[in-house]
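Paired with subunit B in one complex and with subunit C in the other, subunit A is shared by the two complexes that follow.
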Partner chain A sequence: MIPTRRARLAATIAVVVLAILPYAVAGRISLSIFVFIGLFSLIVIGLSLLAGHAGQVSLGQAAFYGLGAYIAAISTLRIGIPPWLALPLAVSGAAGVAYLLGAPIFVLRGHFLVLGTLGLNVVMDVLVRNVQSLTGGPTGLTGIPPLSIGSLMIAGDRAYYYLTWTFVFAALWLGRNLVSSRVGRALAAVRSSEVAAATVGINPAFYKSRVFAASAALAGLAGALYVHYLSFVSPSPFAFNFSIDLLVMSVLGGIYQLPGAVAGTAILTVLREALRTIMPRVLGSGASAEYEIVLFGVLLAVVIIFSPAGVWPPLIKVLRLESARPRWAQVAPVAGVLAKSSSSLARPEPTGLLRVEGLRKQFGGLLAVDDLSFHVQAGEIYGIIGPNGAGKTTAFNLISGVLRPTRGTVYLRGRKISDLPAYRRAALGVGRTFQTPNVFPDLTVLENVMVGLHRLTTTSFTGAMLGLGRREDTQAAAQAAGYLAAVGLLDHAGLPAGALPFGGLRLLELARALAMHPIVLLLDEPASGLTGAERAELVRLIRRIRDTGTTVLLVEHDVGLVMEVADRVLVLNYGRRIADGTPRVVRNDPRVIAAYLGEEAVS
Partner chain B sequence: MNDASEGALLHVEGLEVAYGQVQAVRGVSLSVGHHEVVAVIGANGAGKTTLLRALVGLLPSRGRIVLGGRPVARPSPEDTVRLGISLVPERRQLFGSMSVSDNLLLGAYHRIGQEPRAAIDEDQHRVLALFPALRDRAASPARTLSGGMQQMVAIGRGLMARPRLLLLDEPLLGLAPLVIADMLRAFAQIQQLGQSILIVEQNAKAVLGLAARAYVLEDGRVVRHGRATTLAQDPALRAAYLGGHIEPAS
Partner chain C sequence: MTLTQQLAQFIASGIVNGTIYALLGLGLVAIHSVTRVVNVAQGEFAALGALLASTLVARGMPLSLAAGVAVVAAAAAGGGVYRTGIRPARDAGPLTLLIITIALHLALKGLLLLVWGTNPYGLRPFTAGPPLRILSAVVTRQSLWVVGVTAVALVVLYLFFTHTILGKSLRACAVNPTAARLMGIRVERMSTLAWLIAGALGGLAGVLITPLTLATYDMGLILGLKGFVGVVMAGMSSYPWTVGACILFGVVESLGAGLISSNYRDGIAFGVLVAALLWRALSVLRGGLIVSEETAQE
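Here is the complex of A and B:
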């Protein structure tokens, strides 16, 4: 989204207010609360990137905060490293631990990160309390030197206030760049469907582990700043409870927008301070801690009920700061994206472009695909038909890598691909659509196709954070618009993909797959849900796709369509081949009529 | 109240449904008679699914909905089931990990405790008689069934509510030709048993063969309606909606 002039103005005002705040409140309120809001904001920004944008919930951010704090404390106190060097050490230490912890977890799909990070809190706490020689145990360490650069000593509330908030704004800037980049789109794709992301060539584990490391780096940074600011460290601020507090701040503020992280942190931190002064007066001393938790619980419940996406979206609405139009709305589509011929026609393969040998897939007692062999020539349109449950979609899943075969091999251009993960097969040129369209609903229609261009664009994770991919993004947007024009969806480019009707989702998925420049394109029931006119358009489109040099495999129940476009047809029943050949041969095969077509269909 | 609404099982007048600023259904009026099968056809995004969802109260709407001569004000999905409308949603939406027979039983949820168990069991037998293929799979988790069988379960679940009117949203989507033929036979049987059907379907050829009357929806408006046989001959409609589907059964 493009910020409006009003939004830029609001951001400028926020910066100015924060800049003069120390002078405005001087002598009345201690600045330290604002330093803490800044420190916690850093952690929560990381958490928003991780949980909101990549969809990975962590309960270990307090542990990374503590890790950063102890690395900074130990390296300056015990090893004598200068504080300015301890800071990057703390950041990279926290990031490194996160990366190592994440690597095995992220290979798995699902919410295993929560469990892994839950354990991390416990490990951190036990280590810090027991390795007393290093950490000082429960009492902690004191006398940690403040940050200094050369002879410039950074000490006192005001200095740390400015330093911390500079980092906060830097983090917001880096985070915003990341989110609106090629990498950000990949994260959104991974968040909504890892399977779909992998089939356009995105390695979910790669991005998840990097975001996790980035979030830990921010927490580590906050930890290091904390110890140099306060000059002492003890285990209690990094306990498990604080991980939950951070998550509450993040959800309260709005987990999908980075500035929401700052808002949520500010609300909770200010409220806690206020309660600490008010509660003892109302309820008598000593009562505050428990009631504080009750109140936070109620607050969170109220926010979740009335504004599930946190306080930030309604706040933006009230202040009328919403973006006027989605990004790339005005981009001019590249004409003739489908005219370019890919190399697959230039290099004919003697044994077939795609070769499947003895493929078998067993789900428990059910044999979904049984000893299936076939080969598809370059430039062919190859139809696969058969009754519901015959194994057609399973065959597609085995070819595209969504499933691993129980036995058997898939070769693409003579190269064995059946032992590769889905994202690698996509990178080698296997594109696909799904029977139930699997688009990324939170991204716009155009951005969905831009995700399809992921493999053909190059901006790295770090480059994206620094905002280096803008030019490439603009080109990608124009390309993507070209594919949308080819499938007839260009008018809807700026809509959230989730708002498209069923048939539109199919076409969008097709455009996304085409954007990958696939060598082989697997279409799973592309005509289902399309009306007559749309179907006729699809037939033209499939032929055009083939003419660009892409080989097409087509699973479809619209037998008329298959017979019309396919060069050869394979018929499956109970996971096995019962017939194959030209449409005419297959259509008149008595076994096919009995198992699938029915007598009436043959005219 | 005019004659049409008195005679019809369902009478809808001036129905409007909007998603925020986007108007999806604009002043749709239609009726379904007793024992009648009525089809709604139209392009993607024409508002067909929205119309059905509004009729059962899954989406808020404005306009008049009269069922069996009685106006239905602000229907909630639970109320409409009780009043006798049951929706078989797009893409089946079964309870995947539950058995076929539990899925069916949940269709009769509002009847449990209100009616003798025997009546519910009897309806389950009726569903299994209508879809004999489900008999052997009654104990299997619904998600392990093939697409065709899952559609049968979805329709069966709808029937278990004992509706006067069954709303079918794209029931033929992704089904093999043989299964489509079975399905069309089942719909005819449901009609013979005394229930009315309002069917939304892309496979216009198949439903125009089944329905007595049809409505054509475009951009949320009814642009044409009439006898199905007449509409099936209309050259403009033939071009837009009847392009080349194989007709599985006559």
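Here is the complex of A and C:
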């Protein structure tokens, strides 16, 4: 996402307003509320990155905030580490704990992080309150020194105001770089379909755990700044309730745009403060707390019901600050991109490029694939046909790693791949498409293909945050445009992928799979739902893919198409092989005729 | 007391607590399976039931009637919350719905605070008499009421889900709302029903536990959270496994608090939860599986 000129102008105005604010409000409002908005914004930016871009929810960000605070407090007070060194210690401590928790948990799909972080928050709170010798217990620790660099002492509202907001803008910048990079596209892919992301070589847990660690680092930073600012620390600000507050702030602002995090934080903090000062005046000092909670809950519910995506998207619309999506500067020559495909033709494998041995998959009582063995030679087009429920798609899922076989082995170029996860198999050169096209609808058509280039590009997580992947991105966009041209979709490159018609989705998936330069490409019913003209184009395309060196496996109900393009055909029925050979041989096999037309047709 | 006696005692009180968590957990499962909402306000139904029953009994209403009124009121609160807060936003994502239930939790808690204030309310045990001795544990009569009434509620729930058209329709909505709608089931009505059931179960939990612990306006959140832990441990959708997981969680919590220190009660319970999650994750890692079976079936 590239900011428009209008967006840059708005950002500049925001910076200027924030820069003069301490002088504008001097003597009227305490600056501390703005310091806190900044501190909370840091945490909420991390949380929005996690929820909006990694698709994971943490109910324990307050724990990392607290971890940063206590690491800074304890290391300066009890160990005597200088504050400027305690700051990075707090940041890396929080990030480290998050990584150790996240890396295993993200292997489990679903929202287990909610539970893990919730647990962590409660455990943290209990420990901080009870390990008194270290943390000072419920009363906490006092006398924490302010930050200082050499003889320069950072103390007072104004100093921490500027310091905090500098970090906020740095976080926004780093976050924006990340989101609009190779890593950001990978995250978007994982968010919309982990299965599809894994089959282009993206390891979902890898990126999720890094985003989670980054979000914890921001929370830890906020915690450390907090203790040096206030010079004391006690357990209550870091309890589970505050984690809920933080999540509310991020959703209120809108989790898909990072500046929304600042907006949500500001609104909630100011609203809280306003209710606290206004309610006693309206109702007398006695009953204010009760009404405050009710009103707060109701307001929050109303805002979310009317603007489920938070306040930022409507705000952007009113101010017309939409960002532009990436474009391609040039279209890489198609022949070039396709020809680079693979070296598999040069090295014929004696036992076949892809070899399947004794493959079996059982779903409860159903044997979907039963003792299946076959091998495919390099440069072949290998068709797999069979009636509905014959196990064709299951076989593809077993080869590509979407399912784990009950028994049996898959070899690629003599290497056993059946115990590898899907993303590793993709990295070794197994590409695939899905029976129901599985594209990433939030990304543009071009970006979808750029995700296919994921494993051929190298920008790291840190590099992406620092904005170092731009040149590589330009090249990737040009290459992706080349693949789009090859399948005839270049005119739609800027559209959101979800807006393509059905045939377009199939072609886009194909372009994405080609972009990863697969050695073996598994096409699952590529012709279904295509018009006559599109089907003819598909036949040409499949041949062209093979001619550039990629071996093609083709599952298809359109038997005519398979007989037309395939070199050899495997026929499955009830998960077992009933025939294989050249199209001519298979076509006349009585068992095949029986499977398709019934026993009577044979006799 | 010998260690065996102590252990028996801890396990017994763990089972009683776990039973309460289970009632809340079952409500969460009912709501989540039909409407895909994780309801943070679940514990407030228990707080409402507890406070209402206490007040009614204090004003002279017979206990059984007061309990009935409290359960019905909590059920109505469940249905009302769904109609006013959730249904208008039912097409929003799960995270948005989660935030709405957080908002509802705050609003309900505030209302309870307005009506009942911060004082704790008590309720007399359902039957008077000295505690009983079961194996080597001393068990109050109210504890038996908790376990007994919950067992009856479970049987009723089981019969409802397996032997009535309404119950089967509810299960159909949980499995596949679109197919259920095509079969002529009014999914909207079933969603309301799920929230009514969840409210009633929550209210029941509140009424049952008050004689043991006292009722306060803010008792809900932690009860609901512990029920939620059981629900997630059991995989978000199974009623029987949820009951088992909640009781297990209650026992672990009680053992930890008893054997180590009650200051660490919640810390131990949630620490075990984190450890269990990590253990499960590492065993999956060893299996080399990256994409789960059910997603591949989509």
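The rule is short, and it goes like this: the second predicted complex is superposed on the first by the 569 of 603 C-alpha atoms of A that agree within 3 Å, B and C clash if a C-alpha of one lies under 4 Å from a C-alpha of the other, contacts with A are read in each partner's own complex, and residues count from 1 in each chain.
Criterion: a residue touches a chain if its C-beta (ideal position, glycine included) is under 8 Å from a C-beta of that chain, and two chains touch if they have at least 3 such contacts.
Remember, it's a predicted structure, so these values are computed and weren't measured experimentally.
Using the touch definition from the top, say if A:429 reaches subunit B (first), subunit C (second), both or neither.
A:429 sits against neither subunit B nor subunit C.
For A:557, decide between first (touching subunit B), second (touching subunit C), both and neither.
First partner only.
Among the partners subunit B and subunit C, which is in contact with a greater number of residues of subunit A?
C
Scan A:254 for contacts with subunit B and subunit C and give back first, second, both or neither.
A:254 sits against neither subunit B nor subunit C.
According to the stated criteria, A:136 is in contact with first (subunit B), second (subunit C), both, or neither; which is it?
neither
With the two structures laid over each other on chain A, which partner does A:366 touch: subunit B (first), subunit C (second), both, or neither?
Touch partner of A:366: subunit B, not subunit C.
Under the contact definition given at the top, report the residues of subunit A touching subunit B in one complex and subunit C in the other.
Touching subunit B in the first complex and subunit C in the second, no residue of subunit A appears in both lists.
Over in the complex, which subunit B residues touch subunit A? Could you list them?
19, 41-45, 49, 90-91, 144-149, 170, 173-179, 181, 202, 204, 238-250
Considering only the defined contacts, which subunit A positions touch subunit B in the complex?
366, 386-389, 435-436, 499-504, 525, 528-536, 557-561, 564, 595-598, 600-601
Which residues, counting only subunit C, touch subunit A once they are in their complex?
40, 85, 88-89, 92-93, 95-96, 98-100, 102-111, 113-114, 225, 228-229, 232, 236, 261, 263-267, 269-271, 273-274, 277-278, 280-282, 284-285, 287-293, 295-296, 298
Which bits of subunit A are touching subunit C when the two form their complex?
Residues 51, 57, 101, 104-110, 112, 114-116, 118-120, 122-123, 125-127, 129-130, 194-195, 198, 203-205, 244, 247-248, 251-252, 255, 287, 289-298, 300-301, 304-305, 308-309, 363, 397, 401-404, 419-423 of subunit A touch subunit C in their complex.
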